[in-house]
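Labels run A, B, C and D following the written order; every chain starts at residue 1.
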């Protein structure tokens, strides 16, 4: 068996422990260090994952020649300097979503990684769940046909974040998933965002995103911190079949409906236009069995494979950048009464270079 | 017992038979005639509800002096002339939703009724279901507190209508319900509408409405003809409680959640702003028992009572006009890439007069 | 088109109107009369289904030479004399469940019909629903493999019947369905019944039936009048697949699970017997689309076809007799503290004769 | 704060790690050792919970004078000797369900503990979940009124155990819960058990228990290893209200229905007995909020409190003995074709002594 890659986790707060636990049990990785400004927190985590080394100084950590990669789980506004420092020290980098707090900074990170030939991967964990991997596969196989609409709902009684609104808090999940399952990724020209802050929290607690897709299709995302019922459901309608992903129904997460509307060519002047032009398919429903694996494990494996194979990971920095581009446009739309805001081109120099 | 009011049903197509059956079995009404351009269709219906008279000529029907009212179930574009003819013949009028095909025509109808002191009622049937009546009552009683958000989803595999888009076909239900349960009715200043026609049907088959409400609240409506799963659910979030209406769950249609987010006054510079400013209520859930009655029966009773008492019915023409105003603004928004369109004032001369 | 068969409905109470409405709209049948001791009730029903003739005297009705068949919807204790009178007058007979109030009377009816070459059909309506027809087909096609267990739950807040217990009221549904879908019908040697009458209603309001099937399989039925939640679910486990029928979920009535336990041949002395002898299949779930038709219509068609073709209907008198045999044994078991009671052979002279 | 009690976990297999983790983080307990015949397994677990001591020899462990209690998570057939050894060494004992493999051995354990004034507690973990604690409280408060019926379903695709049938594997959960929530515990005179082994696994894989309760009430338990759908639901019907516990619905685990059947005194000779004697309550449904805590933590606290307070724990050895008595009778019934088997008196010398 090949030697393991060596990684350190930067940030021992909410998400860092999950990353640490995963890398520490991965067949591909050896977790060698935890880095956090708060030494006590870092040591607590280090103890729980097998007494790895502890750093409070990032530069000191990055100076280690035996380190292949870092995984960053710090607040979004700190991603830019830490990622750049990591890349400049020659380390591959995995970074929690969102990639950065602005598109411009995200772009700089992507270009830095490309210029150095290093892997920059976005931790879009949901994309590595069995359900989302299956959705991607079904769409790639043409099982759904052309995509007609995507409707995603992610609502729950949620913590009102002190620094970001509900769109930046929750929608990265939906957007990164949509980016992941669409064969060409999420590259809309514009986005409209609506929100409400009815409690006076200082930021939107209810948010809606509308995203025009190619060929007249549409994507819509509803995120909400104020709902007492929890819903996590995505419907993806296609010309052939429609898929419903109900993430809170472990007994039937995915349902593929072989039913829909067929539109025959329009006959202009019939008495009853309805019957002549439309027919329904009321076919079977099918719920594929999903393998059971932890998403974080699959993500860690993908990070390792992309380094070993010298290829972009499935959720590379540019995927993170596309999500960021939509979020940034959403914020502009929100500030402009929901009027459509153009999304800055996700095509970057990086795409040309690589 | 008082003498029954006498009514005729105009239009024997899809909805007319429901109206006819209801008025024919009502304690308040005597159904005396069916009117339809298609004599055979009118006669078929007349036979099924007890051999009432049949007309193919509206003027002839309206000439009957013993007729108190007409109930109109014809295509929307014909509402305007038929309603006006009815009113001018001195009849009270019930008209299927939407009130008219344009706001201007609806306004003319409302004003004509007001000028003549006749009842013009919109057949917003859903408003008379036990669930919606209970929602209205709960809000009026202050059980929900101030309204924070309303999210309504009405999706299903639906017939693509030959003349109207999905917003005009389905959203009148949601809008009339929202108008009915809000203490001041639905009187937004603007609305944003997004839609998609990914099958090339010639009109939106997927639609989203965003409606800013008072005090920073928001209403959102999702209607969809292309969804293989059927959902009819409205969430109404309030400062005190949040209500979920799941119309497809007969065993628990309404759930009232005594849980939510409380926002204490903002302390500016604490270390952990979250804990200092937010608290959660995780209270009980309560599902009120609903009486079992048919909505159409309650609507027929309300029509009769409004005539007898000389008062506006709960869903009067102006309610229908408010719905129409939002729909018309929605169409303008749809044509303007989803940019917010202003809603024409629902306040009419009629409101002053009456 | 062939001439229609002519039928009269006997009994205009709870179920009679459903039968009358169905026969009056059937392509195979002409409804010619309603018979009920209560003339007013008979006339009321007759008016609603198109002014057919009314009888209060059964003998008078049966004297009509132009009558081909009668459909009986009277209390169970009256089935025996009415069915025999009908058969002796040369009429084919459809009779509501249960076939009779005792097995002996049921047997006499079956033998009388056989001796006269007339059709005696049990109105096991559920068997003609799209779901049950599909279950029968799936089992016949071997899709489930050998049947391992059947578990049926039918509970609801129900009217406490004045004359029969919950087993006789509700279990005929489950038993007739099980009889219908099992390739060889329901022919158990014994049955155990447990019940409770905790309200002192004078009869069991909660009931459980346990029925040993061939090859070590088992069927179990739970019926309950006291449950505030309504459940109608049958699970049929097979060696190949397992089927769940949830009759209250119109969006997914049938689910076929391609998952289960495989038992390899037993290896006697392994260290870990579990892993060596058992494997799990976690395959897909499949929900077949069901045609939409009314069960009563399909039943009326089957009654007509069996007469025309000179064959036994799918739910013939002997099927009704098998259900009756189990019920009668259940009552004996109930009176004997739930100890197993033998089921009298459902094989009758009739089976030999026909 | 008082000194912590000191405990060792015996058995490091499937359940032991859960016990160890819980005692190691408990405010009441200090976990001091792990004991297992397999040293490697014991050391693995010891490392994960903070490097406690490891024993492979039970006698050596029990010789520690500083040890207050042991928690046993070994196979059922070994409970008897280990518990007795623990008690005879003066240790309080917690033992995994079932208490023992025979009632006689369980009785001996209970009497030994009573004689020595030591706590013997059954690890009926489910009883300490928020849902079951709330059910117990609701019943004790009279919210349900008198209990009419209990129906418990616990089915899933389950591992076929090599040594016990499905009744002994799963029903201890249901029985211990029923024992816990009934004010007087589960003390039936008899039980009937039905089972099936349709795969030829050598033991029942599908099982049904029927248990007559006081005043004509009934309890019924359905356990099943072969069901592809997972159900864990208990319905408890009372004269006042009925409770449904759906353990797989985290959003609404408990529902209390204020609806039911009222039976007025029977009037003998009315025309329509139904209407005169029965009335329905269709009241509200209420779903109490449940605190979030881990059951094992509450159980550890109860074990500590019972020792400190010198009282019996809520799920003491006699509760375990009552469950065992029912299981043993169930086995006898199963071997006797489901005929009712008498349950040996759960009243023991221990009950007199304590």
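The working rule: a residue touches a chain if its C-beta (ideal position, glycine included) is under 8 Å from a C-beta of that chain, and two chains touch if they have at least 3 such contacts.
The model shown is predicted, which means the values in this text are computed figures rather than measured ones.
Engineer: State the smallest step count from chain A to chain D, taking one step as a move to a touching chain.
Structural biologist: 1
Engineer: Taking contacts as defined above, which has more of them, A-B or A-C?
Structural biologist: Top pair by contacting C-beta pairs is A-B.
Engineer: Centre to centre, by mean C-alpha position, how many angstrom separate chain A and chain B?
Structural biologist: Roughly 39 Å separates the two chain centres.
Engineer: For chain A and chain C, let me know how many angstrom lie between their CA-based centres, rounded off.
Structural biologist: Centre separation, chain A to chain C: 53 Å.
Engineer: What positions in chain A touch 2 or more of the other chains?
Structural biologist: Residue numbers touching two or more other chains: 229, 255, 259, 285.
Engineer: In the complex formed with chain D, which residues of chain B make contact?
Structural biologist: Spelled out, the residues of chain B in touch with chain D are 252, 255, 258-259, 282-289.
Engineer: Taking the complex as given, what residues does chain A use to touch chain D?
Structural biologist: 229-230, 251
Engineer: Which of the residues in chain A end up touching chain B in this complex?
Structural biologist: The contact residues of chain A facing chain B are 146-149, 151, 155, 157, 159-162, 190, 192, 194-202, 205-206, 208, 210, 212, 215-218, 220, 222, 224-229, 235, 237, 239, 242, 244, 255, 257, 259-261, 263, 266, 273-274, 277-278, 280, 285, 337-340.
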